[in-house]
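You will see two complexes here that share chain A, one where it goes with chain B and one where it goes with chain C.
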Partner chain A sequence: MNSKPIYINGLGSISIQQPLSFEGIQQPLSYQTPHVRCVEPNYKDFFDAVQARRLSKIIKRAIVTAKQAVDDSGISMPDAIVTGTGLGCVEDTEKFLDAMIRNEEKFLQPTFFIQSTHNTISSQIAIHMNCKGYNNTYIHRGVSFENALLDAYLLFQRGTIRTALVTGNDEMTPNYFILLGRIGYWKQAIQNTRTCITQEQSKGSFAGEGSVSIMFSDTPSSKSYACLNRMSLLYKPVKPMQQIIREFVADCGLNIDDIDVCMTGMNADTENDAVYNSVLQDLFSPNEIGTYKHICGEYYTSLSYGMLLSAYCIQQGIVPAHCILGGVEKSGVKHILLYNHFRNRDHSLMLLSTC
Partner chain B sequence: MALDVYITGMGIVSGIGIGVDQTLVSLREQKSGIQPLKHLQTIHDLPCAEVDLSEDQMRELLNIPADEVVTRTALMAMLATREALQQARLTMDGTYRVAFIHGTTVGGMEKSEVYYFDFLQNDLHNEFIEAHDCGACTEKIADYFGGFSFVSTPSTACSSAANACILGANLLEAGIVDIAVVGGSECITKFHLNGFKSLMILDSQPCRPFDETRAGLNLGEGAAFIVMESKAHAAKRGVAPLCRLSGYGNACDAYHQTASSPEGQGAFLAMNAALEMSNLQPADVSYINAHGTGTPNNDESEGQAIVRVFGNNPPHVSSTKSLTGHTTSAAGGVEAVISILALQHKFVPANCNFTTQMQSLPFTPVINVLHDIPVQHVLSNSFGFGGNNTSLIFSNVQ
Partner chain C sequence: MDQLIEQLKKEIIEVLNLEDITPADIDSNAALFGDGLGLDSIDALELIVLMEKNYGIKLQDANQGRDIFKSIQTMAEYISKHRTI
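What follows is the complex of A and B.
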């Protein structure tokens, strides 16, 4: 498929790092617990008292990062809003579910149900912006964000839209943390999240959460951080991933040597990281392999943070040393290949380049 | 540029039948699936259109062992997908790049709502923790058949399956896949039955879409999938297309999380976008398969939007939710199949239970099935919570 590049012209994030800032990429906060919640901004700056009380955390985060990305881009209204979320509005889903079970289906209030569906995030962003354009939501495990991005990407390719706000949103409530802990998602304890990928390889990762909004446009601007040249999603690929990566890079008109950093979803879980190591060992050296989950934690749409980080790094020309597996800062960065997998079943490849 | 997307197979299970043939008979004979609840365990006595098969019966039909972890939503989807693949004469042997796109919202909630406290307190039902995840549900269905190279899960509440059709069409156009199997599946859960009840939009009587006396919707459940490919690809495989997808529109009402704007702005924009992409005039449309839930708000808003697009004398309009109930995330798929049947068999399905004209609307829905009439283009509406509005247009290929 011939593909037209699209440009990243605005970024916004709330994460387990300083909110609405790139500080976490330069100097990430470190944690000593496997369940880390977001550092919230002061929502009084964004919502009146009634809204701040009514809206759930994930919705508030999404609306605020969406506003930040849109403002950052200088474009007042996106043509499309597409959201990826692995679990959607967990907090309100749990509240309604808990009340329904405890009260044996009686005396239920609709508020939590109304805000429980996954698409509440995208539609609440639209309501707050009064954006009547294309609106969609994708919920597909660890590749939810790239599913949403692909949807927008295809609309760009056919010329249906010229701008799109693509967001990744997930929240990790105490209860969902327990549930996923039962099936091996998390480490029992962690010494230092910042260094866990190299120092604490074992079963499980550490949980983060976050909201990332990215404004894409079909044209570059003075605001452009990077461009997305090409993307590909694969389910249970038949060909070896190594070969697929070589072909993907060639389709971008590049050689493997042109890729400055391959940014991976390594998360200190032995099984997860072994997939990256095995696929990438003959393609890239440890000083060309990047990580971001030590900054944002593991959650289904953490790749959105990886993309924000990569776009910022391309604009700066530098990937900091703590984001490089080999521990050496990478400068003169022009091309970052984002490679993500979920359970070695779902894989995604995206090439970000300088504009 | 016109869409080059042709439908070569379809499959369906819903309250009005298991499979396309039973569904066609029910539509032609106006046999409603709305009945007292039988399979769902709940304290509420509300009419719903359940798929009349237990999970054990579905497992048997699909040769799935009793101890395999699989939810009702996935089982229904497997039945519908199997039928669609058979009609399209598609064997999942890796010859083609095939996408499976499954619109859903409740995922594995029917088990989570039973085992939730166990999930929190013990390890008795850990196998259902991951099954809660909608993406896991999609992959479970895809893996039953094998051979899919792309899977995805759009979720926009009651327009999920319609949005699956859009992604499928765009993937085909971009040349990323050769074939896309798209649709949706959703079983009734206590969670959304109680949710809709708390919103006071469930009718305790059979629903009456576009009727002055309408008082809410009846939930339904089901799954429906269609197989899409380009004209040339269908010809190469030697499969005759049933019809084509000639256009789609997606817009956001951006008005309220659960209510539609009085003038139906999102619906208006979605229908117009679909007409524009199809290169059709409003008068070219033979039949509108309305979203028509039967709630006071939806039918008023959608009705006004239809008048704004089509004028005071719109084409035939009916809501088949009066037969199937509202199959929520599956509705876009269920109603795509119904729209295609109308094209193929030249009839317009009825809007059942209609007695009283809505005072605010100039048009009356189709009260009895219209047999043997030309049906050239069908517009199907699916609107979700949050104002996620999608319109699809299916057209004859003759």
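What follows is the complex of A and C.
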């Protein structure tokens, strides 16, 4: 099927790096702990006291990054808002459940209940932007952002929409961090998050969190970062991934050699990264394999940060050395293939190119 | 009564997440809804939960709320008469 490219015209992010800036891509902060929380902007610059009091932190982050992406794009109002979130507003969910247990199922506070629903994020973005268009939320753990993007992508292909704000939002509460730690998600200790993928391969990764908003349009602008040529989601693929990648790239009218960087979801967890190594070793050299989770940490919708980073790198034409497995800066970048997997079960391929 | 009013202000600030507002900023006789603090219907539910949880008062008649929640002063007067905790 011939697919129409869609253009990334605006970006916004709050992550464990400097908020609302691309500084983290150039010079990422490094941490020595396996649980890193977001660096928050001053929300008083964005909300008055009355507005802010009923917005949990994740909702504030989502609204602020959405505003940044929309302002960046120059598009006043998106036709659609589609959100991916693995956990939704889990902090308020925890507060609500804690109160329910503590008070023996009495005295339930309505605000925590309202905010504990997953689709609150997308709807609050719409309320604050006064956007009455299509609004949807995808909650599929490690492939939530992928499915949100696929929804928007298909709406573009059908010509139903001309612009869309696609967001990925997740928070990592201390409780959830502990729960995932019990099943081996995290390292016990970490020396340096910035270099962990190449130097601290062991069981588990390090936890991050973040909100990323990406403004797509069916037409490029002078500010376009990159275009999304094609995307594909696969569940338990039957064919070998090497073959699938070759066919995917060929469907885009390219050869494997045309791909400047294959940006992966490597996260310093031996088991996770072994999947990438086995798939990519015959296709790309270490100087063509990229990483981003050393910047944003591991969380369910971290691919949204990978897409933001890749789009920015394409606009700049450079992938910094710390994002390349081989440690050598890649210049003249025109095509980045985003390849991610979740538990070697769900795989995704997305091709970003210069406009 | 003054002690109860002060305690009530602190509880309302906490439960309604009124950042940057101190008890001294709240006029005991100012309207809680509309002008004044600018509370809304969800806040009303929060206040009903607060009264039941902290003072053992269960409001049976929704129409009562209109008078009880006029201001901090009216809330405090109602609580002092009807509290069970």
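What we mean here is this: the second predicted complex is superposed on the first by the 355 of 355 C-alpha atoms of A that agree within 3 Å, B and C clash if a C-alpha of one lies under 4 Å from a C-alpha of the other, contacts with A are read in each partner's own complex, and residues count from 1 in each chain.
Quick note on the criterion: a residue touches a chain if its C-beta (ideal position, glycine included) is under 8 Å from a C-beta of that chain, and two chains touch if they have at least 3 such contacts.
Computed from a predicted model, the values in this text were never measured in an experiment.
In the superposed model, A:L155 makes contact with chain B only, not with chain C.
Of the two partner chains placed around the shared chain by superposition, neither chain B nor chain C is touched by A:T264. In the superposed model, A:I81 makes contact with chain B only, not with chain C.
In the superposition on chain A, A:S13 makes contact with neither chain B nor chain C.
Contacts of A:I114 after superposition on the shared chain: both chain B and chain C are touched.
Shared-chain residue A:A49: touches chain C; no touch with chain B. Looking at the superposition, the partner that touches the larger set of chain A residues, chain B or chain C, turns out to be B.
Shared interface residues of chain A, touching chain B in one complex and chain C in the other, are 106, 108-110, 114.
For chain C in complex with chain A, the residues that touch the partner chain are 15-21, 38, 42, 45-46, 49, 52-53. On chain A, the positions that touch chain B within their shared complex are 1, 81, 86-88, 96-98, 100-101, 104-106, 108-110, 113-120, 122-124, 126-127, 129-141, 143-144, 147, 150-151, 154-155, 157-158, 175, 178-180, 182-183, 233-238, 345-346.
In the complex of the two chains, the chain B residues touching chain A come out as 42-44, 94, 105, 107, 112-113, 116-117, 119-120, 123, 126, 129-130, 133-136, 138-139, 142, 148-157, 163, 166-167, 170-171, 173-176, 190-192, 194-195, 197-199, 250-258, 265-266, 269, 384-388.
Put simply, chain A touches chain C in their complex at residues 49-50, 52-54, 103, 106-111, 114.
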